[in-house]
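The following blocks contain the structures, represented as C-alpha cells.
Two complexes follow with chain A in common, the first pairing it with chain B and the second with chain C.
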Partner chain A sequence: MANMWSGVEKAIRMIKKMPRVQITNVKDNTSKGRKSKMRRGQHGGDKCGRGNKGQGQRNNRPRLGFEGGNSPFYLRIPKEPYYKGHFLKKEYPPFSLLQLQRAIDLYRIDDSQPIDLAVLCNTKLYQMDVDLRHYGVHLTEEGFDLFQAQINIEVQWASEAAIAAVESRGGVITTRFYDPESLRALVNPVTFFKRGVPIPRCKLPPMELLDYYSDPKNRGYLSDPDLIKKERFELSQKYGYSLPEVPYNEMLLLRKDPRQVFYGLQPGWVVNLRDRVILKPKDPEIKQYYEDRLEAKSV
Partner chain B sequence: MLPSVNRLLSLFVRDIGNTTRPHIPLRFSRTLSTLNQESQPAGDNVLGEEGTGRLSLPLMTEREIKHPNPYIKPRLAWLETLGQIENKKLGIINLHPDIFATFPRLDIIHNNVLWQQTYRRIDYATTKTRAEVQGSKKKPWPQKGQNKARHGHRRSPLWKGGGVAKGPRGPRSYFFMLPTGKRVMGLRATLTCKYAQDNLHIVDSLDIPQDDPEYLQELIEHRNWGLSVLFVDDDDIMPENIILATDPIGHFNVMPVYGLNVYSMLKHETLVLTLRAVEKIEERLLHFMHKPGPLNQKWQAGNVGSFRRKSWV
Partner chain C sequence: MFSTVARCFLRISLSSRGDAGITVRKAGYKSRYSYDTLYPKSDFNVTDTRELSKEYYPPKEPSQELPETETQEEFNGYIPEGSLEFKYTLSGGPGGQHVNKVNSKVQAKFHINSADWIPAWIRPRLKEMEKSNITKDGYLLVSSDKTRKQYLNKADCLERIRKMIWTAGVPDPPPPSEAEIMKKLIKQMKANEVRIAEKRSQSLKKRNKASASVRFIQKKGF
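Right after this comes the complex of A and B.
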C-alpha cells in the first residue's frame, strides 16, 4: 500500500503534469443553473408552466390556513392556556458546564478573571440575540462530573446542580439580571463603545423576576450575602461535598454593583476606543443620576 | 557579509556568534555535519565564505510554523538569492502545507479572477427616456379625424429621434465582495499551483548588485523563469536597484504583500517571494483560517478603503 495518497496529494500530482495554471485556463465548476420559464420567439407568449387562468396564474391565493370555507384548523382547536403570551416570554439560551470547561481548557476563556456575559459572547462559542428576547445565559448542568475549573462566574439563570458544580470546586456563581439595553452593550462591547453613548445604568429586575434574583438559593445578586453563605453550606450537604477551603483570592471576591454593567467601568462613562480615553461625567445632575445607587433608593 | 544575509541569519539561526549549531530536524543532520566540518564557525563569519559575503554551502534554515498541520509534512523549497546570475542556493526552508500544498481548487481560483475583473467595473452606458429627450411635450395632432395614427408625444419610443424604452440607465456599479473564505482559499490554491508547477521561488531579499535591467533579464533567462516575473516583498518600500531594473520592463513587476492577489499571480509566469513575504503571507492567511467567529464582515462600497488600509487577504 505504498501509494496511499490523499486527495490533496493526488490533485497536486495531477497539477504538476498539467500546463501552467493561467487566467485563460481556469474555469468554474459547471452547473446547469435555472432555466427561464419563459421561452423565446414565437413561444414567448405561452403559459410559462402556470396553467390556464385563475389563481395559479395570477398568484392571488387565499390566506394561509384557509380551507375553502371550512372552519380552519387554527380556529377549530381550543386555545392552549399555557401558550398565552409566548411571544413575550424571556428566553435564556443555554450554555453547559461541559462547554464552559472545554472553552477554559482550550484557552478560549481565561479562568483567572471573572467570567460574565461579555466574556462568553466574546468567545463566539455562545451566541444570543437581544432582539429575540434573549435575556442572558442559562448555565446548565450537563458535564457536572467533568467540571474542574475554579471560577467566578456571573450568569442570568442557573440550575441547582450547576450552582453545586461550581461551588464544589471552590468557585463562585452569581445570578444577575440585565435589562435589554445593558445586554446589548455586553453582547458586543466594541459596537457599543463605537456608538459613543454612555454606559447605561442597569435597571433592576421586573416584578416577576424580583423573587428569583433576591433568593439566596439562586445566588441572586440582590440577596443577603450572609444567607448565601448559609445556602452554600446547605447545598454542599445536599449534594454531599465539603466546601473546599479556598485561600484568599481577590478574583473570587469580585462582584459588580447592581447598577454596573462592565467590570472596571462605571455607568455614565463613555469609552473612546480610537483615542483610548475614558470620559467621565462632570455635571452634578448627571453624576447624581448615575451614582444613584440601590442603597440610596431603599432608604 | 551582506546586510540581507545577516538579516536572514538573524531570522532563522539561533546564536550566530555562538559555536552551537542551529537546531535542525533530524533527517537533515548529515548535511549539517558536513557543513560544520568544512566551514569552521568563528565570530561573525560563521557560515560565510570570506570576502564573497555569501554562504559557502547550502544551509538548512529552520522556521517556526504556526498552526502546524499534524497530518501533512511541511513542504520544502530552496532559498535562492538575486545577488548573482547563477542560481546559488542559500538553503532549504519549510513551507506551511495548508498554504503551499492545499487542494488546488481551480473553480475558486476562477471565482477570484472573475471577482477581480468584475468588482471594479462601472458600466457607463446610459440612454435617454422619452421624458429626457429634448422636444415638445404637446400632442402632435388631434386624436381623431386626421386619418393618421393616434399619437400623444413626439418623443415616444415609437418615433424616430424618440426616447429609448428600457435602455441602460446611468453609471452602474458592479461592485460586490467575494466571501472572505473564498478569497483566502483562492490565494492558498494559487500559491499551491505555483509551488506545484515549480513557478514559485523564494529569495532572501530583493537586493540586486546593479540597477541595470539587463542584469535582471540575464538572471531570469539563465534561471529559466519564463517571460513574466512578479517579485513580492513584505513592504512597499523596496531596494532601489530592483525598482530601477524592473521599471522599464513591463513584464517584470514588483508588489508588496498587501497587494498580492490571485489575478496578478496567474498573470505572471513566475512568482518570486522574499522570505519576509512568505512569513507575512502565512501569518495573514493562517490568521483568517484559524480565526474564531464568523469570517465575513459586512462589505459595502464605502468600507473598501478602510479594508485596504487595515487588513490584507
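Right after this comes the complex of A and C.
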C-alpha cells in the first residue's frame, strides 16, 4: 500500500504530522562531512594533493601577483588621484529618516527613549563594520515628508535637511564622535560586555573632525548650546516651518558626557551580564583616569 | 536647571524580558570635558526657543511705524509664521510618475501692504521691482519647482522672497557733492579733448595719404 504514494506525497504526509518549525526544534547539521586536515590513507595521502615535481610540490611558487615575467595586472593599471588615501578615509554608512520612521512605527525602536548608535545596531536594521573604517551612522533626509516622530537622536553625521526634519517635529538631534574602540562596544554591546573589559572612555575627535563637531550648524556635541538654539531657530526660518512649543522633557535633553559611551554606564565599569552585576573601580587613581582628571605625577 | 540636565543620564535596568526598562536618574559622571565645565553659562534646554523670535521680531505698536521717507531700518530676514500662504501643486516637465503624482511645486503668497514684517520704506520699492509678480489685489506670488522635493522648493521660495526684499532694501546712494560733480565734469571734458585731438590727428593722416591734386583742392578750398 505504501508504494502507491510518490516521494513528494510521502513527504507531505510526514510534514502534516510533524510539529511546527520553531526556534526550539531546529538544529544544525552535524559536522560529519568535514574533511580531516591530516592527509592520510589511500585517498588523502601519497602526494597529498600537490601533484608531481615542480614549484607546486616543492613550495617554491613566486609571490602573489607574479605573472611569469610580463608586467603584472596590479602594476599595469595606473593610479588615479580620486581614490588616493581611500583606505584611510572614514565612512559613515547611511540610515534614512524613512527607515527610522518605519522602525519606530513597527515598534522596533522605542521613541520614548534616546536613540543612539547602540539602539540602531541592536535592531539589526542597521549594520556597520568598524574594521572597514565605518565611524558611525549618517542620517539622511530621504523620508523627510513622512517623518513624524519626536525623538532624541544621537548620530555621527547628519545632513541639514535631516536635522530640520527632526527639529521640526520637536525632537533633538546631536552629532557625536566615537573612536573605534568605543564604536566596537556600541555596535555590539552584549559581545563587548561578555569580554569582561571595562567600558572605555571615549576619545575626543581628531583634528580633522574637531571643526565639524564644534559647529552648532551640525549640532555638534562640543558646540555651545546657546548657539545651537540660534541655529535651530534659523533653520526653521530657512525651511519655513515653525518650531513647535515643546514642554520641558528630560528625555529629549538627555546627553552623554563627551567621555561616556553608554547611557547610564560610566567608563571604567565592568558589566557582568551573567550575574547581573556591575563592577566599579574603587582605586582613586583609576577613577581619576576614567574621569580624565589624572594629574601629572611630579618626579 | 541646566546643571541637573547636564548631569542627567539613564540607568538601564536589566529586566528579564530583555527590552530596556529604562528609568531616568540624575547622577554624577563628569569628566574633565563635561558640559558644565565647557559651557557653564549656557542653557542646555535647546528646545526652548520662545525668546529668540522676540529678538528677531520684537512686537511693535502701530505708532512706532515711522513714515516711509524717514527710516532706513534694515530687513533682518525674519519671516513670521503664518505671514505667507502656501499652495502645493503638481510640477510640470519631465519626471515620469513622480512629477505626475507628487505636489512638489510650491507657491508662496502674501499681501505686501499688510506685511508689517517688511520695513515700511521697502514695501513701495518692492511693489515697483516686482510689479510683474503682483496681483491686482496686491498679493506677491512666488512659485518654485526647482527641485524634486516639496520642502526644498519651499525653502527656495523663502530664499527668493528674502532676496527680493534685500535687493529692494538697498538704500539709494547719497546725492553727489559739489566736489564730486566738478570732478566728473573735468574728467568728461578731458576725455572729450582727447577724443577730438585723436579725431584731428586721424583726419590729418587720411589727408596726407591723399594724392597731390586732392591736397591742392582741399588747400585752395574748392
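Keep this in mind: the second predicted complex is superposed on the first by the 213 of 299 C-alpha atoms of A that agree within 3 Å, B and C clash if a C-alpha of one lies under 4 Å from a C-alpha of the other, contacts with A are read in each partner's own complex, and residues count from 1 in each chain.
Keep in mind that, in the parts below, contacts are C-beta pairs under 8 Å (C-beta built on N, C-alpha and C of every residue); 3 or more make two chains touch, one makes a residue touch a chain.
In this text, all values refer to a predicted model and were calculated from it rather than measured experimentally.
> Just checking: does A:K230 make contact with chain B only, chain C only, both, or neither of them? Give me first, second, both or neither.
second
> Applying the touch criterion given at the start, work out whether A:N29 contacts chain B, chain C, both or neither, answering first, second, both or neither.
first
> Quick one: is A:D129 in contact with chain B, with chain C, with both, or with neither? Answer first, second, both or neither.
Neither: A:D129 stays clear of chain B and chain C.
> State whether A:D46 touches chain B only (first), chain C only (second), both chains, or neither.
After superposition on chain A, A:D46 lies in contact with neither partner.
> One more residue to check, A:D105. First (chain B), second (chain C), both or neither?
Neither partner.
> Pick one for A:L243: touches chain B only (first), chain C only (second), both, or neither.
In the superposed model, A:L243 contacts chain C only, not chain B.
> Give one of first, second, both or neither to describe whether A:G264 is in contact with chain B, with chain C, with both, or with none.
second
> Given the superposition on chain A, which partner contacts more residues in chain A: chain B or chain C?
Partner with more touched residues of chain A: C.
> Please write out, lowest number first, the residues of chain A touched by both chain B and chain C across the two complexes.
In the superposed arrangement, which is not itself an observed complex, chain A uses no residue for both chain B and chain C.
> Touching residues of chain A toward chain C in the complex: what are they?
110, 113-114, 144-145, 161, 164, 170, 172, 201, 204, 222, 224-226, 228-230, 232-233, 237-240, 242-243, 245-246, 248-260, 262-267, 273, 276, 290-293
> For the complex, which residues does chain B have touching chain A?
The touching residues are 72, 101-104, 106-107, 109-111, 113-114, 190, 192-194, 196-197, 199, 263, 266-267, 269, 292-294.
> List the residues on chain A that touch chain B in their complex, please.
Interface residues on the chain A side: 6-8, 11-12, 15-16, 18, 20-23, 26-29, 108, 123-125.
> Mind listing the chain C positions that touch chain A in their complex?
It comes out as residues 5-6, 8-12, 14, 19-20, 22, 24-25, 29-35, 38-39, 42-50, 52-53, 56, 77-79, 81, 84, 86, 149-152, 154-155, 157-159.
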